[in-house]
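Naming follows writing order (A, B, C and D), and every chain is counted from residue 1.
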Amino acid sequence: MIVVLQPGALPPEIETIKEKLRELGCEFFTTRNTQRIMLHITGGEAHRAPSALKLLPGIARVVSVTSPYKLASREVQTEKSIIDLGEGLTVGGDKIVVMAGPCAVENEKTLFRTAEKVAAAGAGVLRGGAFKPRTSPYSFQGLAEKGLQLLAAARERTGLKIVTEVINVQDVELVAAYADILQIGARNMQNYPLLQKVGQQNRPVLLKRGLAATIKEWLMAAEYILSAGNFNVILCERGIRTFENYTRNTLDISAVPLVHALSHLPVVVDPSHSCGDSRLVPDLSRAAIASGADGLLIEVHPEPQQAYCDGEQSLTPREFHLLMESLPGLARACGRCLETGPAKLKNSTKQKTTHYVAASTP
Amino acid sequence: MIVVLQPGALPPEIETIKEKLRELGCEFFTTRNTQRIMLHITGGEAHRAPSALKLLPGIARVVSVTSPYKLASREVQTEKSIIDLGEGLTVGGDKIVVMAGPCAVENEKTLFRTAEKVAAAGAGVLRGGAFKPRTSPYSFQGLAEKGLQLLAAARERTGLKIVTEVINVQDVELVAAYADILQIGARNMQNYPLLQKVGQQNRPVLLKRGLAATIKEWLMAAEYILSAGNFNVILCERGIRTFENYTRNTLDISAVPLVHALSHLPVVVDPSHSCGDSRLVPDLSRAAIASGADGLLIEVHPEPQQAYCDGEQSLTPREFHLLMESLPGLARACGRCLETGPAKLKNSTKQKTTHYVAASTP
Amino acid sequence: MIVVLQPGALPPEIETIKEKLRELGCEFFTTRNTQRIMLHITGGEAHRAPSALKLLPGIARVVSVTSPYKLASREVQTEKSIIDLGEGLTVGGDKIVVMAGPCAVENEKTLFRTAEKVAAAGAGVLRGGAFKPRTSPYSFQGLAEKGLQLLAAARERTGLKIVTEVINVQDVELVAAYADILQIGARNMQNYPLLQKVGQQNRPVLLKRGLAATIKEWLMAAEYILSAGNFNVILCERGIRTFENYTRNTLDISAVPLVHALSHLPVVVDPSHSCGDSRLVPDLSRAAIASGADGLLIEVHPEPQQAYCDGEQSLTPREFHLLMESLPGLARACGRCLETGPAKLKNSTKQKTTHYVAASTP
Amino acid sequence: MIVVLQPGALPPEIETIKEKLRELGCEFFTTRNTQRIMLHITGGEAHRAPSALKLLPGIARVVSVTSPYKLASREVQTEKSIIDLGEGLTVGGDKIVVMAGPCAVENEKTLFRTAEKVAAAGAGVLRGGAFKPRTSPYSFQGLAEKGLQLLAAARERTGLKIVTEVINVQDVELVAAYADILQIGARNMQNYPLLQKVGQQNRPVLLKRGLAATIKEWLMAAEYILSAGNFNVILCERGIRTFENYTRNTLDISAVPLVHALSHLPVVVDPSHSCGDSRLVPDLSRAAIASGADGLLIEVHPEPQQAYCDGEQSLTPREFHLLMESLPGLARACGRCLETGPAKLKNSTKQKTTHYVAASTP
């Protein structure tokens, strides 16, 4: 049972509600974000709450949530969530956002070159890993804070937002100081201390689906972040593990409409990890948009064959540019439009972009 | 090694080529369709064939095929195959064909009503099972020949082509007498006697992917049909079995661009069986087209909750109509167009359609 | 609802029971095997059958079966089925039967040599494919009837029973004329016309689990055979398809106790196809016995590296001999014993074995 | 390339070896455990190391390791590792160790009762979760340090060793202060910071296989721990995620002989999580031993239907006792023997056990 408070409910009103709940013998805890405060009720005579509370001021509605993910469910919030990345960039609304960049931050030159190219092609967010969870302890593990600094510098140059992965609970605050979006990778989808920690940050979180996670488990992982107080969660489908091994993973395209049916959270698709083959990325990107995805996360590298990791799934800037050219028409045919990134924006509203860069640099 | 003969190669020329192959100690067998004759060479000094044969008349080219599926591979035929269904209806070209209808043929009234509705909405082919492979021996097994007769009658009324499944090698000729396309279901993808039998028919074959078949195994199954002489194979992705059970199967959307990269055969998508949930079918249909699919196979039933099987994945005629309205714009955004079915055609060229119906009825 | 008749129920008694069922508006069909006759009731007022029939003579019991597989379920038969292979060899009782031999029958010399070796080591049944379902149409497809004749000749020499696969509904009677056990391969587990056909034969059937079949689907496939009148079904777990590709398939060892919990049918394990790696076969064979399996199906080839197919998973006769030596002690520790095959039997009861060979040769 | 030093190699000898490696332009790092010191060489002219080093004193051998997991591979260590748990209890030798107890530590009474029962039945190690990684943020998350204290108290009473899970890198030292074995759960198999942290502890680690991890990925995860300096790694197969959902997971029994072929590390089996069904646990336990497993990890709860989690897969003490009685004979039939736990030991060597408890309590 969840009590959704009215925006602007007054402290005495809230206290009266809590008092009533105590009378019913219920336990409860509070979650809040910029838009709403909710009381989550369990135990006691919770079933009596709807009638017992209905006349009290300050209550928007009392919802009985049947799904195991509560805050993430459509039951508690019927309208889609729109995640604000700042400077007018949002995920979950009409505009489709493209996030692109290298698998790993390798060095300044390669990163800047990639960032400029993807910005010029219309991307809104730069992706790049500074902390890399690698299968082998002997593989390149990322540049760590040096990588974060390079990402921030690339943001300054291009106006792109930054999404980058955090893999250690002890690094969350460090990464949050640089990144616009904190990425939780597939391997960490059920790393609950990490989920709780990013749930306490004031930063949107991109939550990748675990490679053998069901839709329900994925939404339950989101619930960990939401219940810790951070409602700005973007889900990311990145392929699941199946028997088929021609592709690296199997893009579960059904997850897009299914998540939209079950949850109010936005969902983006990573076609690069899904298939592991750059030849398939453009068709899968288009399929993702046609399925209703709110964005794309695409690997781009100026010299894929030289990439430190995942080169075989990276588009060249040229291939990315060609893909981007095909998307606006497709988005329109699906009743959406493509977000015009900062590069195109800059030409018309340079002042605003400049201001933004200054403000968001740590 | 495959020797592709020139169209119109003369019998003495062919005999000279075979004589040369015998000299090299090679074994070979011949496949032919309306467009080409090919000699498949193994053993002996096959590697010497390209140089030994190169000056002989009647040869278009000698191809060394490295993939295990040979006739199905892009190596032996670089241009896409276009399967002719008659009356100008084709699968594999620019036009996207929609096949729709009930899971099973239940009775005349329901079938005719469905056929008229899907024809009116723009479908080109009517689907419907007369022989149903059911998990339980106690479930409805289909109307058998009575079902085939109803399908033929529906074709006469609407001008729609007919695709229907054959599950028994002994029924192949019977089904081929009625159907425009012979469907091989997922459970029979590796039923080799059945594949060989449909390979001997003069009818296009829709080959569904087995629910745990790799792309390679699927193309090898197609190879069984091709090597028996029937080159008119349409592949159909219908979802694979994975750990995810929120959906009935997992639509492997990557299979579409992957098959197009590896093979010249057209590929259509069955979103209904892929997800088992009518709410997801429209988005998955659009995703399929955006991924490059050559057509769709969709279940439609006037009263899904009354359907003998698979009601939960069937669209109503109204839902199907709405889906169809969204497709032409999407197809155009992908550089394709949507096939206008016989219903729309009929208005302008009634004579031709009437003629067709008479000709194709058994 | 199933009415199990008493052994020796008289025709007039049965007719009275049927009359009563007609009065209740029920439909029914009859299945019979050597041990029992059952009436399967559906429709009408079937729920009233237990009380309406209870006083009628000739009825053993009326069972309400809740599982979708009825004849295969433990509900309808609580004691385990014991399949009689003749000459005192049974599957499903206390004795564990080992079936061994080459993947394919290749030629007389190799087959006889293998048969003699596996018989000497204690196997009771010779396996070997005369009809091979191969992924590629260009691979060796088996010796067909010539292979069946060689198997029969090997049986004459060794006293081993024969299990061999049938893949085509049109070959069922031919194969049944030679084989002691008809094998249905994994690819054909849902080839329903084939299941119905072997269900009409007077021969035990070894039903392999499909590589992506659930336990329920597997038991439903058995139900097709049982409901056609053949109650002598032996289930065979042979590995399922999963993401793990170090092994060819993944032996689902849990299937053994699970099938025993759900069904009265015996279950044997094929460790060779399960893992595809001869190094693992001995440990998996022992695991199968410890899990409660009623037998083993093992590939043995005198020269695995020369085998026409599946050499990498075949034991040499020497390796097989060593494995067999380890099994009696293990079987005893599990409260079972190992069937002593005809070779060991022959020494003590030569007359009987000779008689048997004459009788069973077609 | 790995340089394995002789036990007792002198510091000047080691320095000379390093100097030689620097001359070859190689990079290297050192790992050491109680038995050996190894230098891991990469880059430069590493291929010349075998000849360049061969005459230097202090070197046992120079190994070129081709598998991606190096320290975990059989190439670098041909004999099996035996993990010493103290008091003569080992994992990986001839004796099979049984670890048993509740899924979660719930309260003193239940834990002590369970501990006494499993000790009496012959278990050597008590399992029980104080930190529980739960799919839902609203589920019971474990008693944390209070749970660890109860486990330590149960150890004092029974002499059982303790294995318990650690899920947060920040809790590793706390858990290591109480536990005899640190458990890494399936969800954290690729939580690399956590692996590195337990790799720095002086405690054996039980590394569960991730539910969609390949054998290779699992051994690579072990490599993270080994390369951090902790060689006492016990692998635990606990079922993988497949399409089959009758069982909670699918026990991959082949993993046992396969890991033994590829690695020197011991491997135990958790039949409880593998199947999620207490009825199947005894047969799967026996299968595990017959496949060569070095131990078992079994859930036992005095009142399964009252358990906070996973009750349906927990044996009662009585069922556990019956299972244990069946194991010694089976172990002997497999050339092993069953470890006699502290309870049986206590009767003969009470002093020693008492001493141990005092020493190991934090």
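The working rule: contacts are C-beta pairs under 8 Å (C-beta built on N, C-alpha and C of every residue); 3 or more make two chains touch, one makes a residue touch a chain.
None of the values given here were measured: they were computed from a predicted structure.
Q: Go through B-D and A-D and name the pair with more C-beta contacts between its chains.
A: Per the contact counts, A-D leads.
Q: Farthest from chain D in C-alpha centre terms, which chain would that be?
A: Farthest by centroid: B.
Q: Taking each chain's centre as the mean position of its Cα atoms, how many Å separate chain B from chain D?
A: Chain centres of chain B and chain D, defined by C-alpha means, are spaced 52 Å apart.
Q: Between chain C and chain D, what's the gap in Å when you average each chain's C-alpha atoms?
A: Inter-chain centre distance comes to 39 Å.
Q: Measuring from the mean C-alpha position of chain A to the mean C-alpha position of chain D, what distance in angstrom results?
A: Centre-to-centre distance between chain A and chain D: 36 Å.
Q: Where in chain A do residues touch at least two different other chains?
A: 212, 241-243, 245
Q: Show me the residue ranges of chain D that touch chain B in the complex, using the header's touch definition.
A: Contacts found on chain D: 212, 241-243, 245.
Q: Considering the complex alone, what residue numbers of chain D touch chain A?
A: It is residues 42, 68, 70, 133-138, 167-170, 187-188, 190-193, 196, 210-212, 217, 220, 223-224, 227-228, 241 of chain D that touch chain A.
Q: Taking the touch rule as given, give the residues of chain C at its contact with chain D in the complex, in rising order.
A: 212, 214-216, 240, 242-247, 250-254, 256-258, 261, 274-275, 279-280, 283-284, 286-292, 326, 329-330, 332-334
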